[in-house]
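Going in written order, the chains are labelled A, B and C, and every chain counts its residues from 1.
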Amino acid sequence: MRFEKAVPLTEIARLIGARIVGNSGGAATGINEIHKVGEGDLVFVDHPKYYQKCINSAATYIIINQETTFPPHKSLLLVDEPFEAYQTIVSHYRPFTPLQKNISDTATIGEGSIVMPGAVIGHHVQIGKGARIFPNAVIMDHCVIGDNVIIQSGTVIGSDAFYYNKKTNRDIHYKKMLSGGRVVIENDVEIGANCTIDRGVSGDTVIGAGTKMDNLVHIGHDTVVGKNCLFAAQVGVAGATTIEDEVILWGQVGVSKTLTIGKGAEVYAQSGVPASLAGGKKYFGSPAEDALVKKKELVWMKRLPVLWEKVFGNK
Amino acid sequence: MRFEKAVPLTEIARLIGARIVGNSGGAATGINEIHKVGEGDLVFVDHPKYYQKCINSAATYIIINQETTFPPHKSLLLVDEPFEAYQTIVSHYRPFTPLQKNISDTATIGEGSIVMPGAVIGHHVQIGKGARIFPNAVIMDHCVIGDNVIIQSGTVIGSDAFYYNKKTNRDIHYKKMLSGGRVVIENDVEIGANCTIDRGVSGDTVIGAGTKMDNLVHIGHDTVVGKNCLFAAQVGVAGATTIEDEVILWGQVGVSKTLTIGKGAEVYAQSGVPASLAGGKKYFGSPAEDALVKKKELVWMKRLPVLWEKVFGNK
Amino acid sequence: MRFEKAVPLTEIARLIGARIVGNSGGAATGINEIHKVGEGDLVFVDHPKYYQKCINSAATYIIINQETTFPPHKSLLLVDEPFEAYQTIVSHYRPFTPLQKNISDTATIGEGSIVMPGAVIGHHVQIGKGARIFPNAVIMDHCVIGDNVIIQSGTVIGSDAFYYNKKTNRDIHYKKMLSGGRVVIENDVEIGANCTIDRGVSGDTVIGAGTKMDNLVHIGHDTVVGKNCLFAAQVGVAGATTIEDEVILWGQVGVSKTLTIGKGAEVYAQSGVPASLAGGKKYFGSPAEDALVKKKELVWMKRLPVLWEKVFGNK
């Protein structure tokens, strides 16, 4: 999440009840997860296993639950519960404000863009020129829609991330992490009917220019889809994944979280992608493999009875 | 379906044109399918194969198309077409009343709950405290939503069951069975965008407290989901299934009807569950098996060419 | 796409800047793709590989980018870019007209039909008698809904086809092909919640009488579904496919494009159908095969360790 303008570190510390260790004179530009942070950002960590990774990330300010060594140009913000501090910051700088009508007064809609009946355009949404938002589509707060984007009926842009902090004291239960991020849809993207694209938890979910998606597609939080990709109907992509340019995912493909699919890769229908795939190749199966290897495997399967008969003399 | 107050058996008999065999002085508390009935309920049966099961169920009153023996504290309601009698009873006591506006006057919405633009709240819906209903979500008649429940945009709660009586006289065709049941969503449940949760045919579809669902999830009629479950995007669960507490279903998992998944089971992405699964274990594949067994199977597949070469001397 | 009345060939030629070769006195009844054309129709082709197929199709008028031989009763319309000519014709005779309110004044709604709050009924939509359109469903322009049809909440009928012309000059990118076709839903069809049925590109997408679909089902452009079919939740069918009468597709089945599934076939849950299937049989797997063959294959898999041990003496 970017702040609208840089926030003094002392203001952040007061808000979350933190003790600053190191230079307290700076100002934070935003707050993000470890894999999305940049210089000037806050990051948060509560487990010793990830301390060094956070302290050595691009982030300048580390919200942490234990004092530890850190580079001289950075600062620590010591709190008991870093995840709670994150929630407090998001709630404060991006407060939940219920919509009162179909199109918020703070939304901006570019020249020649059309919003059809029943569509909902949230607070601070920006829509470019020549876009078409079909009936009953929903674009929630802070999302950005480029020029000539087409969003078919019933699609939801900017639903909350499916992102929970698992608590195991007594029973297992799940605490919702607030979604401070946005969805950014670049120019010339077309999205089918009844799709869902979740906002980033702390960064942005991005759909690259020229990409086309069919109906009932799901894109998770903080996922970045490249330019001129093609996703067929009922594809699902989990959170924080990177899909490079010109990737084709055929119908009902599922893609797991935090992986990368390389440029120009093509994944055949119903495949499941549990790990990163190199670009420029074709894949099939669940788990997905090189399509040629997988097709041979299907042929091998058919030879099993022959093999059995040779070895055992009968079936 | 529960009646609002107990209905005298003679009133039911008059409505459906039944002849009462046995004690006619009682009153019925509701009507349900065989696997959901309780004492005081009506049940209905038209096939000799199921006569004894229905007569010996917890139900007190049996709508049936043939006279047969039954326990002394029960009664039969004799009709030619028991399924038609069910339809008549549901139509009469829970008549279809088209909504005239977005929020029915008979709905109750608790303190601090927010209903955003375009959302539709049906007749007799009850929403607890502190709930958030996002834009264009639909909650149909008689459904119950607990405290602090979050329902993202476009989700439909209480759509009719996908439940038909197959007729094979001349052609095959399907007759819709009315959905007299409800959806009951307990406290602290969160449901993603563009999900669908069907109402029960004669009982309730239940989502247990603390359960979280991602986008585009489908839950069939009369299915009961336990507490603190986690369902990732595009999961589908068929009708009348039981999912116990703390079950995790990853993306695009499909679960068949009338089975049970035990407490704490975890089913990996894209798996298909055709039969009941014991709790506390991890599963993978379509059909789903113990994940370790299934993973070994994938390794065995890779050894097939080696085996072939050993046996036949070449590939 | 049917024209409302036959259009003189000279008017078409003027509109798209074509030179007529052959008889210029005729009138065109519609424009369609090669596999959907009839006598009196326009067809369009830009690749020599398909020239003869188009010229010998049922179409009478061929929009083409090179002069070639043709039967005496037909005519050519010579243009540089036949696909652009198609777009120009669709834009002209079926112009995009944004909806201004939930129910267009040009829609007709039959006696006893109910349209609930938030539903959107587009221009020139025709709804028969006794239909029920649930809240927030969307029926876009020119679609036809039969008698007694039920459409549950959030379903979108007549979204644009997922159909693009791939351009590979410099980068890969995709140009949207306009959808001039309709969705035609015959009598007694019932469609679940949050489904999507795309309109035809140049022909019609058809759902046959008596067919029932569960929630979150996707049907692609120009697909024709027969009578009394049953599709369970999350089924996806790609474009221009033919599904004959009484076919059953269980949950999460995926069906590829331009194939045929024969009458009465049944496809088990999560199967993937990449090629045509004969009627009257049961299928399973991805890719789908005869269910009995596939089940045997699963048994053979389990025998692999035994085979290995016999051949190699150990595992």
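As a working rule, contacts are C-beta pairs under 8 Å (C-beta built on N, C-alpha and C of every residue); 3 or more make two chains touch, one makes a residue touch a chain.
Being a predicted model, the structure only gives us computed values, none of them experimental.
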Chain C against chain B, contact positions shared by both copies (same if over half, else different): different
Size of the rotation, in steps of 5 degrees, that lays the CA trace of chain A over chain B: 120
Mean-CA-position distance for chain C and chain B (Å): 32
Interface hub residues of chain C, defined as touching at least two other chains: 118, 136, 154, 194, 216, 234, 252, 270, 286, 301, 304, 307, 311
Residues of chain B that touch chain C when the two form their complex: 98-102, 118, 120, 136, 138, 140, 154, 156, 159-160, 162, 164, 171-174, 176, 194-196, 198, 216, 218, 220, 234, 236, 238, 252, 254, 256, 270, 272, 274, 286-287, 297, 300-301, 303-304, 307, 310-311
List of chain C residues in touch with chain B within their complex: 114, 116-118, 132, 134-136, 150, 152-154, 190, 192-194, 210, 212, 214-216, 227-228, 230, 232-234, 246, 251-252, 269-270, 286, 298, 301-302, 304-305, 307-308, 311-312
